[in-house]
Amino acid sequence: MMTELLWLLPLVPLAGAAATGLLGRRLPKRAVTLVAVGASGAAFVLALAAFMELLSLAPGDRRIEREFFTWIAAGDFTAQASLLLDPLSAVMTLVVTGVGFIIHIYSIGYMRAEDGYYRFFAYMNLFLFSMLLLVLAGNFLLMFVGWEGVGLCSYLLIGYDFHRPAAADAGKKAFVVNRIGDVGFILGVLLVFLTFGDLGFGRVFGKIASDPSRFPPEAGVGVLTSIALLLFVGATGKSAQIPLHVWLPDAMEGPTPVSALIHAATMVTAGVYMVVRCAPLFSRAPVALDVVLVVGLATALMAATIGLAQTDIKRVLAYSTVSQLGFMFMAAGAGAFSAGIFHLMTHAFFKALLFLGAGSVIHALSGEQDLRRMGGLRRRIPVTFWTMLVAALAISGIFPLAGFFSKDEILWAAWAGGHPTVWILGLLTAGLTALYMFRLIYLAFFGEPRHAEGVHPHESPRSMTGPLVALAILSAAGGFIGLPAWLGANRFARFLEPSLSLVHRGAVPHFSHALEFAFAALSVAVALAGIFAAHRIYLARPGGAGRIAARWGAIHRLLRDRYRVDEFYDRAVVRPLLGLSERTLWQRVDVGVIDRAVNGAGASILSLGGILRGMQNGLIRSYAAWILAGMAAVLLYLSLLRS
Amino acid sequence: MDVPFILSWTTYLPAACALLLLALPGASDRALRRIALAGSLAAFVLSLHLVFHFDPFTGRMQFEESVSWIRLPAFEIRHHLGVDGISLFMVLLTTFLTPLVLLSSWRSVTQRVRPFLACILLLETGMIGVFCALDLMLFYVLWEVVLIPMYFLIGIWGGERRLYAAVKFILYTMTGSLLMLVGILYLFFAAGGDTFSLVELVARLESGALGWTSREELWLFLAFGLAFAIKVPLVPLHTWLPDAHVEAPTAGSVILAGVLLKMGAYGLLRFCLPLFPGAALALAPCISVLAVIGILYGALVAMVQPDLKKLVAYSSVSHMGLVVLGIFTFTTPGLEGALVQMVGHGLSTGALFLLVGMLYDRRHTRRIADFGGVAHASPVLAAAFLVVTLSSIALPGLNGFVGEVLILVGSFSRSKVFGTLAAVGMVLGAVYMLRMYQRVFWGPKNPANAGMGDIGTREKVLLLPILLLMLWIGVYPPPFLRRMDASVAGVLRRVESARAPGGSYRVDFMDARGTPGEETK
Amino acid sequence: METLIFYLFGGIALLAAVSVVAQKNVFYSALSLILCLGSVAVLFLALEAPFIAAVQVIVYAGAIMVLFLFVIMILDPFSAAAARDKRKRLTCLAAALGLVALVVMFTLMRAYDPAALPVVAGGIPADAASVSRLGQLLFTRFLVPFEATSILILVAIMGVVVLARKRS
Amino acid sequence: MNPYLVLSLLLFLVGTTGFIVKKNVLAMFLCVELMLNAANLAFVAFARDLGQLQGQIFVFLVMVVAAAEAAVGLAIMIVLYRRRQTLNPDDADTMKG
Amino acid sequence: MTLDELFLLIPQWILLAAAAALMLMEPFGRPAGRRRLGLVTVAAVAAAAYALQLQWGLEPRSIAGGMIRIDGFSLFFQWLFLVIAGLSAVLSTDFNQREGIDRGEYYALLLTACSGMSLAAMSEDLILTFIGIEILSLSTYILAGFKRRDIASNEASLKYFLLGSFATAILLYGIALVYGATGSTQYQAIRASAALQGEIPALLLPGLGLLLVGVGFKIGLVPFHSWVPDVYEGAPSPVTAFMAVGPKAAGIAALLRILAEALPGLAPDWTRILWLLAVLTMTLGNAAALVQSNVKRMLAYSAIAQAGYILVGVVVHTREGFTAALFYLVIYTVMSLVAFGVILALSGPGDRRVHLDDYAGLGRRAPYAAAAMGITLLALAGIPLTGGFMGKFFLFGSAVKAGFVGLAVIAVLNSVLSVFYYFRVLVYMYMKEAPGGTTDIDPVSRPVWAILAIGVLLILWLGVSPDRFLALAGYSSLGLK
């Protein structure tokens, strides 16, 4: 039943967006709330129903593709408007609508006082629509529609407070950086079409899998590698990986629910989703996979280090997101696609929770975001504190919270896949994660209150704490659907299996459960060490952080300035480009060369006219001389130059 | 239902209306405006008839009509009109935009209303005629006729440097078109000197009854192509465009960007490709290079423009470069993409100029730096502007994307380098458009905008059809694409015939780049 | 005999022509021209054109040139001497161009050979009674040009009346 | 080559050059008369060479033309002199450019 | 000369009789009769036209001892000249009264000039052609100086006269050389003689050169053009209108007859010379027109350039070329007369308001006159749907067909050039506001209005439906060869 109504799933939020966007200005807030939140809730229900229906099918049949109409057809290029529901998209749909619904509810309270209330919800619903389209798309081009759509919504929502120049700038930056990635993506799509003559996921992957002679899995750099790398460029843009990670921290200028939904839980994970969706392709492009792995690792490590030195609570979380996304790509790069998705899901829970919690903190402190002006909030906003603590533990990878299972699976995959260096650095990153996360917790909730006079921290309303609790439960328990093999069967991986059936798998060396367990214990230990270090530095010894910062001044400044990547881009790309356009192309080429040539041609003819004017001197005798000269010339021609 | 002379009716109705305007000495401006609007709407309704009765399954000309115009012993020039899938939407775009343009000038043009309306209506006749004409001379005549009202529109109702812009416009375009006249004459005599009919000439070429040396063909192509390239405009022949756009009144800019530029690309498709396929093939690499340069160059220069109209003008250079690139891929997606992009660019850039005009009406400035925070004062205007901006930067789901992606498919299949560079244009497009949008509409409340007010009903009526059409093309383009298929296939067949083995032209430059195992048809 | 006459009067005509140009005073230029015309009249005689020679002396030198002299005397016989020259280089230029034209035309015309001419239809042979033949022809075959010259004279009369009359 | 023709050519070119050299409108017109005379000489010379009569008729007609021209020309010059008290052609240069 | 032949010359007799009558009306006519001077002229022209119309369809023939040819070509040009004379007379009436030069001789001279032009076009003998041109020239010398009290008019007259007689002398010497080379001045005889002699006779080439100079002067070809701007500027405006079309057309007619009928054997030579002259004429005429600020003077230069276009048809020397040249002459005549008509209608007392600044804001001050001027300028620039375009189209077409693609391209680029200055007048009329204190436009008389209106309609009609005139021109060009 539900599979027949698959089109409803994205269209419900779209209808909500249209209704709130077009009519919202005239509707009362209550109606807007009803429509928008109702739409997201309905989408969640529909997603749930679809998921259930999928579950009811035999694993082999869990792939439902519906083509609604031909979207674009020109010559042999056709793109269908087709939706694809399979375990992978079902999981994503659930995450998107579920977290989305929760955050919609949270936003009711958070955005209560805003003028642009309807606008906010219209954008949010539009985002849900785009994200669902991205997730459910049955072919590359339609996916690109959602892909750009979520970029647009991100742009709109970051720039929601458009009167603040910082927000406006951040929105534009997000869109442009995303666009750079999108170009890679669309080029990848074009190459897919060129290579396979088709764009549908099923058919393309089928052709790859069924034709090992043309697409040998272990080949070096071939067309598949090109496609994979181009697509991955798109992923780096959307998922804020090096070198296109710069937009995400700035995106924190958006309202906090937006940060939670778009820039933590869903949109930024689209890159991961896409890579996993294209796993049959990536898995046959080992070079590309290595690139994914290295980029993921580098991003994870770099972002984690930056996270240590940030003072804005949301920015810490943003870098944390970048770092965690890096983990997901590490998983994909190591071939553990389902682990990536698993971490994607758990991360969605606890990171959304962290952001919402941060939002609650900010709300409590009347807009204060600087960690240095917080402290001692533990008792003032207990619900927020406890739920955030759960999330912090989860992200740090403390057993048995959700993050533990997913992260551990990734690290294990890296080791098992034969990348010990990756494993070590990953482990280090996990420790750093615990360190910066608990730095946040300690600075915000423990110690002396440092907030400004006149601010009276207060707990958030029920509509905000409710979602916190719900997400806390998910963060705590969400991991159990993907228990590792040594604790039982990984049901999550098995569920995803039909979506990954075409993935090429090399020989996997077998390791004992004991080893796996040992590794898990090690990672928990590292996390605990991180927490301990945080406690020592930020809580036990006041001023410890300052001393460390002073001792490693250069490094600290480098981290605080985020490795100065923005400045580098500004100097290496933005300003040269603007200078080139302004001075060389416009002033020199356009005005200086082309226009001058055009005007010069005119001017030279005018000056010829001027010369003629001078020759027309009014004297009869010189006119006669002209006639005589003409006569002489004609005669000269007739006598000498003839024939 | 078969309406006789439907194309003539559509074409000449606006001109008749213009004459009516000139013949009504006592009428008030208000009445004149209404008459003009009614006339253009009637033309639009007539053109709708074309769509509904258009047979998408034939590549031949439809609604053809042909009467003798100038009959001489040796030859005759015929008044020969017809539309096919290539011209159909150009005609529609014209008839669609003209009423909107008239509506847009309702308040902003208060001086010399009568000649203004007459100019616009004459312009409409010329433009429709250009798209329908199947006789080379008729085409040429109408092509030139279009210049004059445009010249007056810029020169009389334009901005401060209007005279310079008008002269530049006319000299640039006349240079090209007069050389085309020589080309037409040469072609005519080379073909036997008895017919100017495009259909007949193509038929002769196809049957082999007519032929020329490759050298002749090259020169002929250049004679035609120069006129079209100036009109498109192709870099480096584009410098008339920013000036003309900036100085023209809103209505002029809309028509200029919306329709006039399309005449160039249309000419390439309609004449250069079917008549000189060999030369088109031979020159495709050079033209593609220019087109790609245009895409990037226009975008980069647009990025640093301080004037709204100038920015949009340079963005047109960029977008039209894409159209030319699409045409010279000689692939179905490329050509259809170019056509969709032509329509789409007409809509989005037309709408942009309308919106800039609305801003200008309110603030009497077009400098980007003078604005800021407009979204506070005019949220609906800001929203509409945003949609149009997004369409212009090819956001999926809006019209720009369909054309752009098809062109990219076409060009990418020909040359990965060109395709990639063209795609880079997408990024630059986003940069300059969003930069502009941010600086104009976002930012803190600006006291200068205090008296702006949001857009009124008339302006909403103006924008709504465009926005809906953008959405329609973006979401469900098959009705458009389907009607182009047969005609585009016809053009491509002509081009391919020149590529036949033993043909004098081989184009290896562009095909050489594909990796083994991925030939495309 | 004829050669002698040619060189004598041809030389005089040429010298007189040069004198027309060389004289500073227009009065003497006019006199030189009369001398030139007279010498050419002698050459006409030598060329067996007595009627033309007579007309040349009577009408041309006699009437037209006298008219010239009258006008010169009426106007300003000695102003030419003081005339300022706005374009000094023109003299040299004219001389150079005249020289070029001379050389070029001379080279072109050098090959002139009347004997090579075929007999042309419509040619009127010159005979002894040429003067009476001349009159006859003027009123038959050349009637139209002759009448046309009368229009010319009508025009000239009108011109003089219109232009030279006293102020009305 | 016919020596009369050479003489005629010389007269013609002296007239032509003189027209440009002279700085008096009357003298210039005298040079034109010189040129006409040169043409007349050529006509008569050709007529003799060809044994034809019509060359002489042409000369007669040309003389009439010359007379008419002279009348009109002198009238124009008189008007010029009345208005400007000059016969210098270089003074008649108010219109130029 | 038979009675029959006299009958064929009746149109000319009528003109001359009328000229004589007009001349006599001056001393003997009463003052009241003066107003009718123009009317008499027009009546004479109409009568001549009627007489001419009776000759329509006659077999081509030579009359007057092979001096005059009656054929389509002659008819065509006689028609054209009658129209020019008639229209000039109408344009003159008001002007002459205003300027106080309303004398019978004026109209008489118009008629004699017309007669001279007709002779030049009909003549088949160099001597008669010479005399025809001379009649025309003498008439126009006088007409140019008709405003005796005006220094400019006098100066124009003097310049025209001196340079004209200089050129005439050159022409005459050329005729003498041709006579010496071929033993005849009759076109067919020249042609036959040249053909019989096998190689080109020695005197024929310099003869050709001098003929080209002489006739080129009349047409105003560069570098024999220098009199044109000054004389056009100085002459009374109606005379300028007449000169811009009449003598030019007569020169073209004579040139066509001479080259096509007498000297076809020298075609390679004169084609190349005229090619160069055409290019020079177009380019320099246009370039000089660009920098003019006096409208009359600008149109003078434009007239030079237009002659260059017409010359294209001669250079091509095919049926199509001749036809196109004749056709363009018709159109050029109409365009020129309308343009000068507007100028003289607006020029004001003393014929002074001829500066571009005087045209500022004309579109509002005198919308109809401005519209007439505007359409004419568009036509002169060769914009489609005007006769000017059709004319150029057939001219350039003939060039392309005959293989003169380079010439066509140059001509076309020149058209672009010309757009610049033609449109500058449009700019002044429509895009600039009149400066304060501009005087009002004088009322224009009905006859002048009628001429302007008919002219504009003709321009448009020729631009839309040129078939008939083209057929006429084609029929007329049959007379050549």
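Which chain is which? They are A, B, C, D and E, in the order written, and residues in each are numbered from 1.
Following the convention adopted for this analysis, contacts are C-beta pairs under 8 Å (C-beta built on N, C-alpha and C of every residue); 3 or more make two chains touch, one makes a residue touch a chain.
Keep in mind that this is a model prediction, so the values were computed, not measured.
Q: Going by the stated contact rule, which chains contact subunit B and subunit D alike?
A: Intersection of subunit B and subunit D contact lists gives A, E.
Q: By that same contact rule, can you tell me which chains touch subunit C and subunit D alike?
A: Intersection of subunit C and subunit D contact lists gives A, E.
Q: Based on Cα centres, what is the most central chain?
A: That would be B.
Q: Quick check: more C-beta contact pairs at A-C or at C-E?
A: Between the chain pairs A-C and C-E, C-E carries more contacts.
Q: Which chain has its C-alpha centroid at the greatest distance from the C-alpha centroid of subunit A?
A: Centroid comparison gives C as the farthest chain from subunit A.
Q: Just give me the whole-number Å value for how far the CA centre of subunit B lies from that of subunit C.
A: Taking the mean C-alpha position of each chain, the two centres sit 70 Å apart.
Q: How many angstrom lie between the CA centroids of subunit A and subunit B, rounded to a whole number?
A: Going by mean C-alpha positions, subunit A sits 37 Å from subunit B.
Q: For subunit B and subunit E, what's the span in angstrom between their mean Cα positions?
A: A distance of 43 Å separates the two centres.
Q: Give, as an integer number of Å, the spacing between the C-alpha centres of subunit D and subunit A.
A: So the centre of subunit A lies 96 Å away from the centre of subunit D.
Q: Please list all residues of subunit B that touch 2 or more other chains.
A: 171, in rising order.
Q: Can you list the residues of subunit A that touch 2 or more other chains?
A: Within subunit A, residues 602, 613, 616-622, 624-625, 628-629, 631, 635, 638-639 contact more than one other chain.
Q: Provide the list of subunit C residues touching at least two other chains, using ranges where the numbers run on.
A: In subunit C, residues 86-87, 90, 93-94, 97-98, 101, 104-105, 108-112, 114, 117, 120, 123, 142, 145, 149, 152, 155-156, 159, 163 touch at least two other chains, as defined above.
Q: Provide the full list of chain pairs in touch.
A: Pairwise, the chains that meet the contact rule are A-B, A-C, A-D, A-E, B-E, C-D, C-E, D-E.
Q: With touch defined as at the start, can you tell me which subunit C residues reach subunit D in the complex?
A: Contacts found on subunit C: 6, 10, 13-14, 17-18, 20-21, 23, 26, 29-30, 33, 36-37, 40, 43-44, 47-49, 51-52, 55-56, 59-60, 63-64, 67-68, 71-72, 74-76, 79-80, 83-87, 90-91, 93-95, 97-98, 101-102, 105-106, 109-112, 114, 117, 120, 123-127, 130, 133-134, 137-138, 142, 145-146, 149, 152-153, 155-157, 159-160, 163-164.
Q: Within their complex, state which residues of subunit C touch subunit A.
A: It comes out as residues 86-87, 90, 93-94, 97-98, 100-101, 104-105, 107-108.
Q: Which bits of subunit C are touching subunit E when the two form their complex?
A: 104-105, 108-114, 116-123, 140-145, 148-149, 151-152, 154-156, 158-159, 161-163, 167
Q: Using the touch definition from the top, list the residues of subunit E that touch subunit B in their complex.
A: 378, 383-385, 389, 393, 396-397, 400-401, 405, 408-409, 412-413, 415-416, 419-420, 423, 426-427, 430-431, 465-467, 470-471, 474
Q: Using the touch rule from the top, collect the residues of subunit A that touch subunit B in their complex.
A: Contacts found on subunit A: 25, 69-77, 141, 144-145, 148-149, 152, 155, 159, 162-165, 168-169, 171-172, 175-176, 179-180, 182-183, 186-187, 190-191, 193-195, 214, 223, 577-578, 580-582, 585-586, 589-590, 594-595, 598, 602.
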